[in-house]
Amino acid sequence: MTPLDFLYAAAACWLAALAVGLLTAQTAAGLRACCALSAAGGVAAAAGGGWALLYGDTRVVSAGGATVVGATLQLQATGLAGVFTALLGVVAVAIALYAPRYHSPSGGTGLYLAAYNLALLACLGVLAAGGMVTFLIAWETMSLACYLLILRHPREVSAARGAFWFVALSEAGFLLVVAAFVVLSSKTGFTTLAGIAAHASAVPGGWRAAAYLLALVGFGFKAGLVPLHVWLPEAHPVAPADGSAFLSGVVVKLGVYGIALFAFRLAPPAGTWPGLVTMFAGAVTAAIGILYAMAERDIKRFLAYSTIENIGIIVTAFGAAMIFHASGQQALWAFLLIAGIYHVANHGCCKTLLFLEGGVTEHATGTRDMDRLGGLIHRLPRSAVIGFVGTLGIAALPPLNGFVSEWLIFQGLFQGFRTGSHLTAILIVLAAGILGLTGGLAVYAFVRGFGIPYLGMPRTRPAAVASERGQPILGPALLAVACVALAVGAPVVLYALAKAARTVTGVTLGPLLLPGDLTVIPAHADFSAFSPTYLAVFLASALAVPVLIYLAGRPRAGSVRVPVWDGGIVSFRPRMQYSAMTFSAPTRVTFDALYRPSVSVTRPSDDDPAGRSGPVHYEAQVTPVFQRYLYRPLVRGLECLADLVRPIQSGDVNLYLLYVFAVILLAYLLGAV
Amino acid sequence: MTAVEPKVVPGEVTTFQVASPDLEAVVRDLATALRLADMFASDGDTTTLRLVWANDTAGQAGYIITETPLDNGIYPALSDIAPAAFVEECEIYEQFGIRPATGKALNRVMLPPHTGQPPPGLPTLGHKPEAEPEEARAQHTVGGQAFEFPFGPVRQVGVESLYYGLVTSGEEVVDLYLFSWHKHRGLEWRLQGKTPEQALFLVERTEGLSAVALGWALAAAAEAATGSCVPEAAERARAVALELERLYNHAAAMAALCQSTGLTVGQSAAEIALERLLRLNAQAFGHRYLFGVVAPGGVTRPPDADAIRTLLPGAYGEFNRAAEALLGTNSFLDRLEATGVLTAAQASGLGLVGPVARASGQLTDSRRVPGGPYGDETAVATGTAGDVLARFTVMLAEAAESVRLIGGFLDAGTRLGAEAGIPEFPRTGGAGLGWAESPRGEALAWVELGRDGRITRARLRPASARNWRGFDDACRSQNVFTDIPIIEASFWLTVAGMAR
Amino acid sequence: MTLWFIRGLRRGVVTTRYPARPDASGPSLPAPPAFRPQALTSHTADLLAAICPSGALRRDRGVLVYDVGRCTACGRCAAKAPHAVTRSCEFELATTDRSALIKEIPVREEAR
Amino acid sequence: MTAEELRETIARQFGRSLHIRTLDTGSCAVCEQEIRLLAAPHYDLNRLGFFFTPAPRHADLLLVTGPMIRAFAVAARKTYDAMPGPKIVVATGACALGGVYPDDAFTHGTVDAVLPVDVWIPGCPPSPLALLHGLGVAVGRLADKVRDLPFTEDRDPERTRGGS
């Protein structure tokens, strides 16, 4: 057996799930069957991915002979793709456990699940693609399937808008990706990825760099690099919760995979500057992502911006890795690649979990607006605990997984001095500084993201009566376990990742990463060391100390419990709590150059100074800078262009026939020449 | 229009009857020239709405009252024309169950919210409000991205209970509203059926820090109602007490300003002056806060003029030294300048009185109404900036003027006050308006006496009842929370006067 | 701040020595009345109980019940019957026993 | 715990340092002014080991003024409950002792109606000296004099006037 066999099994399961979902999801049993098949596929994919991680980079398999577009289906299970494949599998299992309770059986659900399973299949195709054409077909299939996912409720204007943003930016990115592949393929003469990778060193540096930049921008559209990120906050809120989870957990990661594929495997560009460009693209993305997250009160938009932030962190790590490679620091090159990929896995688990819990919240209360929630920890206790694990993970707080990978990335960046160039070293440390700011803001943002909906008092009636009955638990719980496992089992994970990285970079880190004793060191033994496992155990036991002291020191008798001192007011009201927007007001003030907030205060009668008789309404709007100043002019320009070419489209059939004739003629003439 | 054009007679209170349908036009007319000083209702055969208008122009100062019987218990929404009437509209609704015709939302002023229990059987002056409280007064609600920062009612040490609802976006003060119903003692209800002498006991304890001013206003109202005269010497004794009251209040305000800005040394200096002024009060009138000085028809006891002559220069010197030192402390002045700005338009629109209004350029001072013991040369300090510093300097100037006035009163006659004992006050009916310029501004009282000389309706309007309504506007001009205590100290109001 | 410091030094100490020593301002404070039983006829006692605005004076059989706690030292009784009422000059009235503040003043019964 | 024991506890526990929280239950603002003056240079209660604290959680003594408005009783009770024991409640001023407002729809009339009062300080307002005496009585440092005062004057009025 090979990893590919597992992937075949996964593909078969998902194909079956597609068919079952399409045909039988009108019934609860059909829905369950579809999800069971999907889960089975997920298990197979996770197993295959894991195997590929350890023993990957098998040969390219051409399957199925000639395909519809005239090329063979070329497949390959590589170590680099293994992480992503395993993540895809885990996410698929979690969503399959989640979906039967989240969706109600109906025809629309059937179509949605069919599209979802098609998307799973396409993602698998992207990851297992051994050839350029296979990759591109799978990539485009994935985009279209995701478009259908987002359009679960096609009659809603916002859904149509979100889906349009997604598909428009995806197609723009696709063109660039095609161009990048065409450059490499034409210069090397190979269409298999393995072939391109083997002969890339022969390609002139300029072409390699061009191909890389095309790929960076093209995949950046999917990954959500600023300013190519605008589809994320538009598409995530309108998709169903599991769809958003899938988008953030997997689809966005495939953009990262694409960047990694070009940066590390196919055509590592020469020189320091492509690395610097990548690193700062990532750092800026991280900072802007988290800053915009602070200004959001819609849970899903908030999470979408947080995804942008994390993609930024990963891409920063990749960029720094490329710089180290160019500077000859091969150990750090491999180390930062590992750290970045580790963060991919961590973020995939945490963010999927949070989106799924966001869906639970939305189902239980009917809203995603944080300022209409509150006190959910009492109403949805299990979801709150699971959500708390995910929040700790994504906010990169020890001892959870996000902390481990971010620590590794920082350790890599702090060794910028090893590049040998002062300028490069300073720039790397600058990027580390931006990531530091991002990390701090992320903690702030997730204190808010967890505290406002889950803690305090319910702000609205639906939040006060929310119930956990019938809400999905297993899926998010599985991911919470995965988060903890990724943290506690960090040495194991790193061992596997190091093996996978060796297949790409050829660098054997071995004791430079894992000297033994469950300790991790950042590629150089003289720099620092850290054991995520011991840290987790220590923190857990440290947490027990105050509990024990409290239990031991609790007075036996004579103590009186009285309510919190409230200044003697009649009763606390929900309106007296920090809201999501007031909590983040200090950042809005500090970074007003970015947000350009516009404030409006309305009173019942503003001109009447005595009109203190009604609600005060205060709104602080954040200007969507990128939409307004980048995309709006672009769209306007496109519209003008479309107006210019409109005369060609007259509606006259004869004219169209003339066009066809002219084109054929031109083709012959060109062929003759 | 009415047959008689309402016109102010200097130094007098003129009463006009305005028919209910004409009320809106008359108010529209009067609001352009006069200050709406008070508005209240009283219950007889029909409910009567009375509006007190004041002319503040020097030499022509006087009051008019428009009386409007409300046949069907409805009146136009006067606060749409004169915003100063809004709080009174709320009060009238709570006390008489009558609301403006437009049915605009009203606020809670005196009645406590029902906290789960059935409504308490609080007595009212007229009909009980019929509507449920939810409808009666719009809940202060906060929408959008602001939240209410609750503060109080149990606040700092040594201050009165007051609830601040500070609406903030996290950084800026969006709005501020106050609840003081937990200090409402039903004074106007209590005064019914009392003789003016008995009433005075409670009136002085309505707002103890302006006991003389409120007592004088009530006594003057009762005197006007019965047509009784007050000996000139007694008037001057009252004026001495009133100016002493102003002095100690301004010293206390100065101490509070220092405390709110964290200047403990200045606070100590001001408190030394304050304590010496209070001891002077005790020496001169037998009470540190001048309770029991005013009596209907005169004063209860003559002041010890020698004590005032000997002690006042020292006590005021202490005050002056503290004030001069403060005016030379830049870190203190920086906190006051441009803090809590109240524009002239806000001050006049809300009908504010006293140092607060004067610091915003509104020249209102009921001491200038002809006929009282105050001469025409009484200087009225004003400012233009409308900030805390302007209010502070107005207070300092007023204190200096008070010392000058006291000297004048002491020199004007050989003996001050009544000989001994309280003259018997006549037991006749009538209605009258009285006023006095308390340290916080014009205090008004209106009483209606039955034939047996007992009060059938008393209306008390301390200056605090007016000036709190400008407080939130002053606070909203700020972006910093920590300025709010400074603004509160510069207003130097009492909650007791608002929730009486 | 230096100026304030010097100013404070020049101002000297104003703090009272109370309670170690009596304070000079004590006697001038308003103090609740004391009564002269010899001059306090039942007629006067009835009168005083009627005019007391705070309900501190109440007539009982043969005595005038005087609640020092309720007394506001307003001076109305002293003004009404100066022959029977004087100042007590006491301000140290705090107590841990509410009933200790309630005094019974003997009243001289008049022959009708 | 008997009253005597309580007093002993207080003397032992609060002997040198006692933290005071004030509570206005509807006063006319004059008692508040006198309380503020306790911290002024003339009286300076800190020299006696008394301190004001804004948090009832830190307070040992609750200085209550005003006639206990009914609408405020809940807040007064909350404040009392928020204080750790042992705690002392001092009713301050004639209002708090029932001298100004009766027990009616608006007010309870006295503080004892809602809170267990330990010390009563008469006066309208009680001067800072009277307050200092009351605080001394509350911690058992000063004598409870009023118990033995007859409030009758048998001697010649001319001789006793002006001396205490």
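Per-chain residue numbering starts at 1, and chain names A, B, C and D are given in the order in which the chains are listed.
Keep in mind that, in the parts below, a residue touches a chain if its C-beta (ideal position, glycine included) is under 8 Å from a C-beta of that chain, and two chains touch if they have at least 3 such contacts.
Because the structure is predicted, anything quoted here is derived from the model rather than measured.
Colleague: Mind checking the centre-to-centre distance between subunit A and subunit B? Centres are C-alpha means, answer in whole Å.
Modeller: Here the centre of subunit B sits 64 Å away from the centre of subunit A.
Colleague: Taking each chain's centre as the mean position of its Cα atoms, how many Å separate subunit A from subunit C?
Modeller: Whole-Å distance between the two chain centres: 81.
Colleague: Roughly how many whole angstrom separate the Cα centroids of subunit B and subunit D?
Modeller: 29
Colleague: Among the residues of subunit D, pick out those that touch two or more other chains and give their numbers.
Modeller: Residues 41-42, 56, 72, 74-75, 78-79, 100, 124, 127.
Colleague: By the touch rule stated above, which residues of subunit B touch at least two different other chains?
Modeller: As it turns out, subunit B has residues touching two or more other chains at 115, 153-155, 161, 201-202, 268, 272, 275, 288, 291.
Colleague: Can you list the residues of subunit C that touch 2 or more other chains?
Modeller: Touching at least two other chains: 14, 25, 29-30, 54, 72, 74.
Colleague: So with touch defined the way it is at the top, what topology do the chains form here? Options are line, ring, star, complete, other.
Modeller: Chain contacts: none of line, ring, star or complete; other.
Colleague: Could you list each pair of chains that touch one another?
Modeller: A-B, A-D, B-C, B-D, C-D
Colleague: Which bits of subunit A are touching subunit B when the two form their complex?
Modeller: 297, 371, 566-573, 575-579, 581-586, 588-589, 599, 601, 603-604, 608-620
Colleague: Applying the document's contact rule, which stretches of subunit B touch subunit C when the two form their complex?
Modeller: Going through subunit B, the ones touching subunit C are 198, 201-202, 265-266, 268-269, 272, 275, 279, 282-283, 286-288, 291-292, 300-301, 321, 325, 328-329, 421-422.
Colleague: Quick check on the complex: what are the subunit B residues that touch subunit A?
Modeller: 79-80, 83-87, 104-107, 113, 115, 137-138, 140-155, 161, 163, 167-171, 174-175, 177, 346, 349-350, 469, 472-473
Colleague: What residues of subunit C sit close enough to touch subunit B in their complex?
Modeller: The touching residues are 1, 3-5, 7-8, 11, 14, 25, 28-30, 53-54, 72, 74-76, 79.
Colleague: In the complex, go through subunit C and note every residue touching subunit D.
Modeller: Residue positions touching the partner: 14-16, 18-19, 22-23, 25-27, 29-30, 32-38, 54-56, 66-74, 86-98, 100-101, 103, 105-106.
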